[in-house]
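Listed after this line are the structures, all set down as C-alpha cells.
Here come two complexes built around subunit A, the first alongside subunit B, the second alongside subunit C.
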Partner chain A sequence: MSEAELVVDGVSKYFGGFCALDAVSFEIRRGEALGLVGPNGSGKTTLLNVICGLYPPTKGQIFFRGFRIDGHKPHLIARAGINRTFQLAKPFKSLTVRENIDLALSHRKGDGASLDEILNLTNLTGMVGLEAGNLNAGQQKRLDLARAISLEPSVLFIDELGAGLNPVELNELAEILRKMQYGGRAIVVVEHLMGFLEKVVDHVLVLNAGREIFRGELRNALNDQDVKRVFLGDSIGH
Partner chain B sequence: MPNEGKLAYLLFEYSIIAGVLLGIFYAFLSMGLNLIFGVQKIINLAHGDMVMLGGFGAWELYYTYHVNPILAVVIVIPFTVALGLALYYLLIPRLSGATDMETLSLVLFFGVSQVIEALTTLGLGNNERNLPINSIPSHPIHVLGQAFAAEAWVAAGVSLPLLALFFFYLYGTPLGRQTRAVMADSNEAAAVGIDSGRVSAISFGIGLALATSSGVMAIFVLGGVNPSEGPGLTIIAFAIVVFGSLGNPFGTLLGGVLFGIAYEAAQVYATSWSDLVPLVLVLGVILLKPQGLLGKRTRVV
Partner chain C sequence: MAKVPPRRLVSRFTRMVIDRSISWDLVGIVVPIAAFGLAPKFYSNELLLTYMMVYIVMAQGINISYGFTGYLPFGYVGFFGAGAYAGSLAVLDLHVPAILGVLIGGVGGLLVGSLLLPLFRLRGAYFAIGSLAAANALADIISNPSLTSITNGPYGINLASAYSSGEIYVSAMVLVGLSLAVVFYLRHSQFGLSLRAIKEDEYSASMAGVNVVKQRSIAWLMAATMAGMAGSIFGWATTVFYPSAVFDTSISVISIVFALFGGTGSLWGPTFGAIVLYSAYTAVGISNPQYFQLIYGVIIIALILFAPKGIVGVAKTTRARIFTRGKQVV
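Our next item is the complex of A and B:
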C-alpha cells in the first residue's frame, strides 16, 4: 500500500474552554475517498479549517507527504497541495469565472490541467466571461470546486458541496468527484446527504461533539448503534 | 440683472459643477479608508489624521524645499506607503489574533489618531498652516459663464488621474485582482494560494498614501490644515464610504460626487446647514438602504 498522503494525528482544537475537536486522527492515500460525517456542531468544518491552516490545532500534529504542516499559513498549505471548497460558496463575485480560476492557476507550482480542461471538468465551459456574482447556486459551487482543483491538490476537501442543490446538480457533482478520485486525488467529502455520499465514498469517519464515534465502511455506519443514536436520537439507537 | 428664475437656475448650475469638482476630490480623499476597510474589515479612525499629515507634508516641502504642491502629491506617496507597511507589521498582526478584531481596531486606531494629533501639535504647533494660493494655478476658470475657483479645478484635476491610476491597479493588474479577492473573502483568497497578509500590508500602505496625497490638496480646498483637523475629515470620509457602499470603490466614487453636490447645494441654498450634509447622508442611507447606494443584498449559497 502507498504512503499516506495526509496524516492527522491526535488533533484537538479548543476555543476558550470549548472543545471543538478532541484527539481526532485519520489518514488518507491517493485515490481514496473518505466521507466526513456528523451532525451540526460535530467539528467537521473545524477539522477542515485546522488542516487547511485557518486555525492552529491546540494539540496534535498534521503531516502532508511526511512533512509537518500544522501551524503553516493557509495559502502555503493550499499551494503545497491541500485544498478545499467552502460550505458557503463565495466565489469572488466581482471577478469573472476566468479571473477566479486564473487567480488560482497563477499560484500553481508545476504543470496541471489547463483552464479549458478545468472548465470542461466542472461544466463551466461557456461561462468564462460571466461575473461570478451572476452565476446560479449550482454554478457558483462548481466554480468553487474549479478554483480548488486549479492548484492541482493531491488532497481535496469538499465541504457540503451538495447542500441546496437539486438532484440533477447533485448527480453532476458526484460524477465530477469520481473523475477526480480516479485521477489519483485523495478526496474527503463532508456531507449530510447520505444519498450523495453513497455515490462518492466507500469509507466514512463519523464525528460527534468533536470526537470520532465510528470509522469504517459507509454501509456499516448506517447500521452502527452509536451513529444511529447521534443522527436519529436515543429511542432509535436502543 | 437676471430675473429670479434665471438666478435660481444659475445657482443650481453652479452647485452642480462646483459639487462635482469638490466631489471628485472627496472621493479621492475617502478612497483609502474604503480600501483598508474592504481588505481588512477595519475602520481606520486615523484616516483624517493621515490627510492632515499630507497637508503638513506639502507645507514643509513648499517652505523648506520649495517643492510645488502638485509635485508634493506624488512625493508623499512612497513615503506614506513605507510608513503604512511599517505601521501594518507593527500593529495588525497583533490585532489578527484577537477574537473581536473589529472593536479592538476601532480602539487602536482611535489611539493612533490621538497620538498623531498630539505629536503633530508638539512638533509643529497648533497653528493652521496654509500655502499661498499662487503656489498652484490661481486664475478662476469660467464654465457656462460662471467663475469657479482654481483650487477646486486643481484638486479635481489632480485627484482624477490618481483615481484612474488606482482603479487601473485594482482592476487591471494581478496584484489588484488579488486585492479584490481578499476584499471578497480572505479565507477563500488563501484557498487559491493568495498571501492575504502580503496583500493586506500593501493595501494598508496604499490606503494611507491615498489619504496623505489627498491631504496635499486639502490644504487648498479647506483653506489650510491644523493638527486637530483629522477626526472631522475621518467623519466625512466615513460618511462617503458608507453612503456609496462599504468596501466598494465605485460606491466611494459615486458617494464622493453626490456628497460634493449635496454640500455645494447646501452652501448655496442653506449655508449654515452645510456641515450637517455628511451626517444626513449616513443617516439617510442607513434608514433607507443600509447596504449603501451600490451595495447588494447578501445572498449566500
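Our next item is the complex of A and C:
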C-alpha cells in the first residue's frame, strides 16, 4: 500500500469554550474516496477549514506527504496540493468564468489540465465569458469545483456540493467526481444525500458533535446503531 | 517543455486589441494626458490645472486601495503629507533637484505605507478610522515645535527657491500618466485579477492560490507611493505651506468623493470624477469649508449606498440596457 497522502492526527478545534472538533483522526491515500458524514453542526466544515488553513487546530497535527501543514497559510496549502469547494459556492462574482479559472491556474506549480479541459470536465464550456455572478446556483458550484481542481490538488474536499441540485445535475456531478478519483486524486466528500454518496465513495467517516462515531464501509454505516440514532435524531429535529 | 506556441501569443495579442475594454482603457490614458498637454494653451491658470492633476492621481490612488482591494483609507492624506515633507526637506536640506524631490516624496509615502501595513488587521470602518488616526498622528509629529530643527515644525515649508512652473506642470503630467498606467496594469493583469478576488473573498482567493497578504500589501504600497509623489508635487507647486495644509483630512475626503463619484475599479471613473468635481468645486468657491465637509460626507454615503460603481457604472448599465432591449439576456 502506498503512503498516505494526508494524515489528520488527533485534531481538535475549540471556538472559545465550545468544542467543534474533538480529536478527529483519519488518513487518505491517492485514488481513495472518503465520505464525511454527520448531522448539521457536527463539525464537517470546521474540519475542512482546519485542514485547508482557514484557522489552525487547537490540538493535533496534520501531515501532507509527510510534511506538517497545520497552521500554514492557506495559499501555501492550496499551492502544495490540497483544495476544497465551499458549502456556499464562492466563485468571484465580478470575474468572468475564464478569469476565475485563470486566476487559480496561474498559481499551479506543475503541469495539469488546461483551461479548456477544466471547462469541459465541469461542463462550463459555453459560459467562459460570463461573469460568475450571472451563473445559476448549479453553475456556480461547478465553477467553485473548477477553481479547486485548477491547482491540481492531490487531495480534494467537496463540501455539500449536492445540496440544492436536481437528480440530473447530481448524476453529472457524481460522474465528474469519479473521473477525478481515477485521475489519482484523493477525494473527501461531505454530503447529506446518501444516494449521491453511494455513487462516489465506499468508505465513510461519521461525525457527531465533533467526534468520530463510525468509520468503515458505507453500507455498514447504514446499519450501525450509533449512526442510525444520530441520523434519526437529526431528522426528528428538523 | 515550454508550451506557448507563437500562435498562442499572436492570438493573445489580437485578443488584446480586439478587447474593447483594453482599447477603451488605452484611450483613457492617452486622452487625459493629451488634454492636460494642450490645456495651458486655452486656460492660463496652470496652478489650478496642476492641482487638478494632483487630485486625479489621488483619486486613482483611492481607486487602487478601495476599488481593487476594498479598503477605504480615510487617512490617505497621510502619505500625501509625508511625500510633501520628504520631497521638500530633501530639496531644502540635501539640495537635490526638485524633480528628484518628487521621487523622494514617493519614497516618503512608501515608507509611511510600510509602517501602516499592520492596519490591515482591521476591517471596514475600523480600518478607515485607524488610517485616519495614523495620518493625524503623523501630522502632529511633523508640526511639533520641538522638531523645528528638522521639519521646521509648525512654521511650514518655503520652496520658493525651487519654483519652476514648467517643471512642476510636466512632472504632474508624468505622474498622472504613471498612475493611469498602474491602474491599467491592475485592470488587465493577473495581479489585478488576484486583487479583485481578494476584494470579494480573502479566503476563497487564498484557496485559488493567491498570497493575500503580499498582493494586498503591494497594492497598498503602490497607492501610498503615488500619494507621496502627488503630495510632493502639490508642495512644490504651492511653494509655501504649513503642515495643516498637506495633512488636511479634507484632501482624503475629496479624493474619495472624486473616485467614488466617477466609479472605482474603472480607469476612466476617478479621472472623470476628479476633473468634473474639482472644476465644480473651484467654480463654486470655497468660502465655507465646513459645509463642504458635510456635503462631501453625505455624498460619500449616498454613493456607496446607491451608486457603488459611480458614474461609469451607471453609464455601463444604461448602455447595457439600451443595447439588450428586446434581446434575450443569457
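Basically, the second predicted complex is superposed on the first by the 233 of 238 C-alpha atoms of A that agree within 3 Å, B and C clash if a C-alpha of one lies under 4 Å from a C-alpha of the other, contacts with A are read in each partner's own complex, and residues count from 1 in each chain.
FYI, contacts are C-beta pairs under 8 Å (C-beta built on N, C-alpha and C of every residue); 3 or more make two chains touch, one makes a residue touch a chain.
Quick caveat: nothing in here was measured; it's all calculated off a predicted structure.
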item	value
Fit-or-clash call for subunit B and subunit C when the two complexes are aligned on subunit A	clash
First (subunit B), second (subunit C), both or neither touched by A:Leu88	first
Touched partner set for A:Ile213, first subunit B, second subunit C, both or neither	neither
Touching partner for A:Gly164 - first (subunit B), second (subunit C), both, neither	first
Which of subunit B and subunit C A:Ile62 touches, first, second, both or neither	neither
Contacts of A:Gln140 with subunit B and subunit C, given as first, second, both or neither	first
Touched partner set for A:Leu130, first subunit B, second subunit C, both or neither	second
Colliding stretch - subunit C into subunit B, listed as 2-10, 20-28 or 218-226	218-226
Contact residues of subunit A, present in both the subunit B and the subunit C interface	52-54, 73-75, 78-79, 83-84, 86, 90-95, 99-100, 102-104, 106-108, 147-148, 150-151
Residue numbers on subunit B that touch subunit A, as the complex places them	174, 177-178, 180-181, 184-185, 187-197, 296, 300-301
Subunit B partner contacts - residues on subunit A that touch it in the complex	52-54, 73-75, 78-79, 83-84, 86, 88-95, 99-100, 102-104, 106-108, 133, 137, 140-141, 147-148, 150-151, 164
Contact footprint of subunit C on subunit A as seen in their complex	52-54, 73-75, 78-79, 83-84, 86, 90-95, 99-100, 102-104, 106-108, 130, 134, 147-148, 150-151
Residues of subunit C touching subunit A in the complex	190, 193-194, 196-197, 200-201, 203-213, 330
